[in-house]
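Structures given as structure tokens follow.
In what follows, chain A forms one complex with chain B and a second complex with chain C.
Moving on, here comes the complex of A and B:
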């Protein structure tokens, strides 16, 4: 070690003295000058030497991974010599750690590394004698990767049960989504803090650890889009678009269905599906009643189109926002890799709906018809109420799309674009700010935050690893099999599980598969998840929030959509659309 | 169906295709008894609380307009059939309470309603609860409830 610790000041003095040998005139002056120059430094010599010694203390570095070769952070690593502790460290986000031995102390002949982390079995590694000799020579030793095995604790079961319970509560509508997720998070923290004094295995994770799992990019992107939507929704553009569809169709019901599906689809690609359907459903029902058509013959195609087309952009669905942020998939990627498949699926969906509702759509020709007064009322309510705001929202919206597309080149995060767009719109329009703040659905943002924590809990205890490992074993190295498994499994499961928590839970699994399956680094499995989780929503009434709000409004207009009705009409649509989208993905990738 | 002279018939419906029989019954009853016909639509938007994202205030206005439009179609239909006096009301809030209140305020002798269908979402009445509600209304002496398509509850 002494051979490496050099006083840099003495080194400088030596070199400059050499120069002085060549220039005789400076022989006397130069040392005096140098002495003056280095005197303050020399006074600090002792402190500097100590500081420098710390900087070059013997280092042991290494990497902690789990059995799926994923980095393990927050592992506690201790270097022992016998029973004496030499150094301690905590692994970072990338699983790396550095053990710093005390400078000047002799390096012992035996060193062992002990690794501990909650929810993993402890691991030991004995450093061999040649490695120790290397450490003595170079003061640096790269240790081999230490792999930690998962350990199932009572905390594992509690986190798993809490997560499953949360999914059930959301699926059954027994509790508001946010309340269900908040309850889950609270239970996890209660067990984590109050359980360990009774039994250490009850620990799940602490609050500080939980915060790491919250994806703030998602939170801010959703918040920004909510503000933009709040401005757009008040302009009456949805009602106008639906009325224009009615006018353009000229009373031809089949054409009305096609136009409404396209309008709803485009709106869903840029706004969230729930908002789109909340605004489209009442006006669609009025149009259907005016034409004497069964409202469900228009509503079902609309909501299905909303679920299908919503995934063509990054901001179209909350699931895409989750996927984009986790997988590093940008606005352009979604457009180029998914939109053609979505268009294909939409064409299939249109054909399917025209066939399925052919009797309802033909029936109106012989019946229906309302008075001119009612038609005038329909026209009156189908107007744009705030054209000025709509123009401004259109300009800002176009700018946002431009930034979504071009911003990737300068690493501009979509969340930043959304917040910039929202702020620009607020400054430009100067609406009642309190009204706008109220328009932000804070409960949804809390839902996402608590959902991230709940998913983080099952990730922390290892449930996600077990699922990933199981799927990994099932599909092996076969990318085709993996694509089919992800797309169809997520589609089928999305019919019974709320797709947002499902997607959030699946992301680490897809991340693992994308790294380990040859060819999956194209992120194709993320697109499979996007398609499966969104189009799967068409399979059942509870498969998507948009379905539920549509059914809620339809029921209030006397056209209830039962679970079985939706299943009967929606499940074939799922098969058709997911099938067509699968074909596209195989062509594309 | 009673053919005695009536002053006021209240028809409480959602207004969709499934209400067709109920509306027809109420129109027929108004024509036969010479009663004034009032279509009643109660709007309960509680379900919107379960929408995680949404412009609730705008949607609420849309729902009210949807209710009014639906009722206007029924009014239109009744007028075409020749009912002399026909109007509608759209009330907002808990449907059970609104129905009860409407029974009192309109001073109707008869309320015509459709039997509830099984529904995946929250419904006003559970499937077999309607007759109990009818009995309650009659016991309080407000009016007689006729459930369509079944026979009157008495």
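Moving on, here comes the complex of A and C:
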């Protein structure tokens, strides 16, 4: 048997010979091996051949954008000749589309392009005669960019009202965050599916469209970190660290405040703030009771430090995870661009707290309140309960940080690192897997998924575009003004609006401003958002979940933190920390 | 068994209640049972996955608060014990403990500056005091200056 196999690279055939009795196994294997080698190329060649055949058909390509020069996907494009449809296409994620005319058919003298998309006004473009002549000659025509104008529909108002309603429900605590977001998503789908048969303008988006707004990188990163945290929190390391803070301070309350703020800050930089405060608050109250000082003199500085220092890494806060994923900002970027500013803010915060609580701390230094019985009890409990798990978690955690840092060079997504770390830890320590799966906070993950859909809805109907456009008009091309607006607006709004939905909604706005303001391509506005939304949490009791958790535990220990108390102590801290961080950003960028 | 039941939550606001319980114990020579009610309702808006860890931490915090009260009572020559109960309503747990111990006295205090629902306003406190007396037969005492 002789055969001609086509070399996919050169296109030149070469002969493979050899059939006969003398043929050896080697000779049989060689063609098979060669065939295996060239098969993928041959397959590719076939695809190329198809493309060549397709290229015979006349093509019209183009780009659909909105008025903010952002690509518009899922637009329906139709090429007409009079009333006859020549071709149809749908724009892709990057706004591009290709209209494929029927091969062999004569190209008509008149061609018009009609573009339709929900929440936009329909657009028409008439192809001129010289362009049509070019198409006839080259079978290819690049059409000019078609810009779509936004259209406010009843769906716009419904999506906006649902989103605002969701924010209010969360802020007032009338519904659990997840339930509020789930309710919002359900309302959007109900209106999208049941509304259009009555009135077409009620359409918002379909389920399939909604899914593309979910950022799975965020979901998996949070899930992976939750598993690691679940292992760490059971080792007793927080209790040990707090007790060591007391030992290191030698009973000096002012030094204890500083050490606890640093310990809490470092923990918050790698774990989520809520978990950090859930575990630090009870032991801090115990230390305060042992020393006979006001627990709030330790708790308030701690929770403020948690809110401030949490943003120094990608994984420290959910808002940073959102910002990092959307803005393409990696672990190293946060470290180099935010950490120095955070350290500056922390120093300011320490000075502020030592001054604010000077009377509580001095009262302790006069002695009297220290209880030996309680200190003994504190020492008994201030130990690591699962050293083996802590060592393993430490090794895996160090490996994860290394991968977060180095992984960017090989485009290793943080979510993949987190899942790899979590899996490695689970395989290594072999815990009760049911218990570990339960440790994943599915409620929060559902909250994020439904939140993404709710934000997607207001993005789809154009609310985000209007907000971005409005801010864009206000700040113009002035980057300094834009930085100040983003950082301070987000800080102030974060005192009343839950910072996670706020950040999620602001991301597309910041994305737009980053593209359109000269100099903002350094992603500085994303860092402004990170600082504003996190440090703004110090401005009020409801500004951050960590505040609420701390207040909840403190109240159960007879040291209530009222809204007004938090506002009085926290708002000046907001001004100081955000001010210092703003100064840093202006130095850095 | 008999004694004095005193529900506390720690902090400065519990101090008058503890002091009153100790005074009553000194007068009556009865032991004091300090009660701490472990209530994790504040976690209901947060993560249930953290409940076990937090429950252990709050248990330890409760024991700590009780230990502080016991220590204070014992320094004044009063026999004292600490009791932790998990529950949503402090009042129910007080009544339950009074019945178990066949308590003679209950010291009721009202923490200040709190919006929490399971503690009382002055009117509710009086009403609840009468309710305890009817249900358990224990005499209700309010800390001096708290009425």
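One rule holds for everything that comes next: the second predicted complex is superposed on the first by the 527 of 589 C-alpha atoms of A that agree within 3 Å, B and C clash if a C-alpha of one lies under 4 Å from a C-alpha of the other, contacts with A are read in each partner's own complex, and residues count from 1 in each chain.
In the analysis below, a residue touches a chain if its C-beta (ideal position, glycine included) is under 8 Å from a C-beta of that chain, and two chains touch if they have at least 3 such contacts.
Given the structure is predicted, the values throughout are model-derived calculations rather than measurements.
Colleague: Chain B versus chain C on the shared chain A, clash or fit?
Modeller: clash
Colleague: Should A:325 be classified as contacting the first partner (chain B), the second (chain C), both, or neither?
Modeller: neither
Colleague: Would you check which partner chain A:440 touches, where first means chain B only, second means chain C only, and both and neither mean what they say?
Modeller: second
Colleague: Return first, second, both or neither, reflecting whether A:454 touches chain B, chain C, both chains, or no partner chain.
Modeller: After superposition on chain A, A:454 lies in contact with neither partner.
Colleague: For A:582 in the superposed arrangement: first (chain B), second (chain C), both or neither?
Modeller: neither
Colleague: Once chain A of both complexes is superposed, is A:541 in touch with chain B (first), chain C (second), both, or neither?
Modeller: First partner only.
Colleague: Examine A:556 and indicate which partner it touches, taking first as chain B and second as chain C; both and neither are also allowed.
Modeller: A:556 contacts both chain B and chain C.
Colleague: After the superposition on A, what does A:176 contact: first (chain B), second (chain C), both or neither?
Modeller: Both: A:176 reaches chain B and chain C.
Colleague: Between chain B (first) and chain C (second), which does A:264 come into contact with in this model arrangement: first, second, both, or neither?
Modeller: A:264 contacts neither chain B nor chain C.
Colleague: Output the chain A positions appearing in both contact lists, the one against chain B and the one against chain C.
Modeller: In the superposed arrangement, which is not itself an observed complex, chain A uses residues 173, 176-177, 226, 230, 233-234, 274-275, 278-279, 282-283, 285-286, 289, 294-295, 371, 373-374, 377, 381, 439, 441, 443-444, 545, 548-549, 551-553, 555-560, 562 for both chain B and chain C.
Colleague: What residues of chain A sit close enough to touch chain B in their complex?
Modeller: Against chain B, chain A makes touches at 173, 176-178, 226, 229-230, 233-234, 239, 272, 274-275, 278-279, 282-283, 285-286, 289-290, 294-295, 318, 370-371, 373-374, 377-378, 381, 439, 441, 443-444, 447, 541, 545, 548-549, 551-563.
Colleague: Quick check on the complex: what are the chain C residues that touch chain A?
Modeller: Its residues touching chain A are 8-14, 38-39, 42-50, 53-54, 57-58, 60-61, 64-65, 67-68, 71, 111, 113-116.
Colleague: Spell out the part of chain A that touches chain C in their complex, as residue ranges.
Modeller: Its residues touching chain C are 173, 176-177, 226, 230, 233-234, 274-275, 278-279, 282-283, 285-286, 289, 294-295, 371, 373-374, 377, 381, 438-444, 545, 548-549, 551-553, 555-560, 562, 565.
Colleague: Which positions of chain B touch chain A when the two form their complex?
Modeller: Those residues of chain B that touch chain A are 13-19, 43-45, 47-55, 58-59, 62-63, 65-67, 69-70, 72-73, 76, 117-121, 123.
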